[in-house]
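Attaching a single structure in structure tokens format; questions to follow.
When the chains are written out, they are named A, B and C in that same order, and each has its own residue count from 1.
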Amino acid sequence: MMLLPFIGLSAIIFAIGIYGALTRRNAIGILMSLELMFNAANINLVAANKFLNLENSIGIIFPIFIITIAAAEAAVGLAIILSLYRQIKTVYVEKINIMKW
Amino acid sequence: MLLLLLFAAIAIIAAILVVSMKNIMHCALFLALFLLSVAGIFFCLDADFLGIVQILVYVGGIIVLILFAVMLTSRVSSALLEQTNEQKGLAITACLLLASAITAAAFRTPLVTSFYTADPEGTTRSTGELLLTVYALPFEIASVVLLVALIGAIVLAGKKGE
Amino acid sequence: MNDYLAVFIFIVMALGFTAAGLITAYLVRTSRPSLKKNETYECGEEPVGGAWIQFNMRYYVFALLFVVFDVEAVFLFPWAVVFKSFGVSALVELLVFLGILLAGLLYAWKKGSLQWE
């Protein structure tokens, strides 16, 4: 086992996440694609911790903080989406243009 | 090794389904499958505590939030609307370029690979020691981040009388 | 790695048990669908409205509180493992951590988000 297959795996998942974020019309779908990208980064860190023999096992600690941030991001992001839905009754991002004129 | 391949295959297939399914509810369920298989990859890489955290927080918490948001915002009529916009071709090109660029960069980087010997007791103890010494400040700031997220989300979502 | 063998066997058995039950039921049951049978099941009552109704926004706040304290619990596990060897300083650090989050809970309480009316 080597590090490179894991970098490839996380690159593939990250690219899938970017694709979802670029093509989804539903704002919740975009948030889900963001979660995919967070997980790609976490896989990378854990694999680096395993194969590069990092000092202080930083590759284990850092993903915990990333997951904390992801939880906070999902909570606030979904609250914004719900608030928008209450105001203008849609979650489709091309219809959310009240800041544009 | 075989298990790792299985988990990686499930993760990639589930990720593709997350971004391509028509019904947003099914996307959320495939996201749960994806997160579970990532937890499996963590277990295979000797990060046992992180796998537990992944299952507890992601599958047990964030997926529940996403499912609630899906149920709060979807109607029967909107379940079958077109879910993707017209920039599909451009997006696929961009993603292929990005993935190949990352992989090429990884191949050109000289990495000194050495195996890290797993602690037979698991990683929970070393994680706790680091959290109380080197990473004490990030540990406290994490709670501030959670506090801000909690207050912000309640202000945004918790209005009365609507 | 061998510690997870039990977990793996458990998962396989759980999946197998569920699949066996469903497949057996599929093989032996008779299929006579009618309009009445295809309705949403609501404990024997006549269903009122569809299953895809909009839920109350208030559910979201409860899920939110659950997620925040779920993440907090994750930080408590490694702390509890090393608590003895660090002594008072570990306790102080954790009390600061919990105190900050307690402020959030008090805010939610004060705001009336915990009430169900």
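Criterion: a residue touches a chain if its C-beta (ideal position, glycine included) is under 8 Å from a C-beta of that chain, and two chains touch if they have at least 3 such contacts.
Quick caveat, the model's predicted, so the values are computed rather than measured.
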Check your understanding: With chains as vertices joined when they touch, what's the shape: line, ring, star, complete or other?
Key -> complete
Practice item. Using mean Cα positions as chain centres, tell me which chain lies farthest from subunit A. Key: C
Review point. For subunit B and subunit C, what's the span in angstrom between their mean Cα positions?
Key: 17
Exercise for review: Please work out the Cα centroid separation of subunit A and subunit B, and write it as a whole number of Å.
Suggested key: 6
Point to revise | Between subunit A and subunit C, centroid-to-centroid distance (C-alpha), Å | key: 21
Review point. Which residues belonging to subunit B are in contact with no fewer than two other chains?
Key: 49, 53, 57, 61-62, 65, 68-69, 72, 127, 131, 142, 146, 149-150, 153-154, 157, 162
Check your understanding: So which stretches of subunit C touch two or more other chains?
Key -> 57, 60, 64, 67-68, 70-71, 74-75
Review point. Residues of subunit A that touch two or more other chains: which are they?
Key: 64, 67-68, 71, 74-75, 78-79, 82, 86
Practice item. Can you check the complex and tell me which residues of subunit A touch subunit C? Key: 64, 67-68, 71, 74-75, 78-79, 82, 86
Review point. For subunit A, which residues are in contact with subunit B within the complex?
Key: 1-4, 7-9, 11-20, 22-26, 28-29, 31-33, 35-36, 39, 42-43, 46-47, 49-54, 56-57, 59-61, 63-65, 67-76, 78-83, 85-86, 91-92, 94
Exercise for review: Spell out the residues on subunit B that touch subunit A in their complex, using ranges where they run on.
Suggested key: 1, 4, 8, 11-12, 15-16, 18-19, 24, 27-28, 31, 34-35, 38, 41-42, 45-47, 49-50, 53-54, 57-58, 61-62, 65-66, 68-70, 72-73, 81-85, 87-88, 90-92, 94-96, 98-99, 102-103, 106-107, 111-116, 123, 126-127, 130-131, 134-135, 138, 142, 145-146, 148-150, 152-154, 156-157, 162
Revision key, fill the gap. Per the touch rule, the subunit C residues reaching subunit A in their complex are 57, 60, 64, 67-68, 70-71, 74-75
Check your understanding: In the complex formed with subunit C, which residues of subunit B make contact?
Key -> 43, 49, 52-53, 56-57, 60-62, 64-65, 68-69, 71-72, 74-76, 79, 124-125, 127-129, 131-132, 136, 139-140, 142-144, 146-147, 149-151, 153-154, 157-158, 160, 162
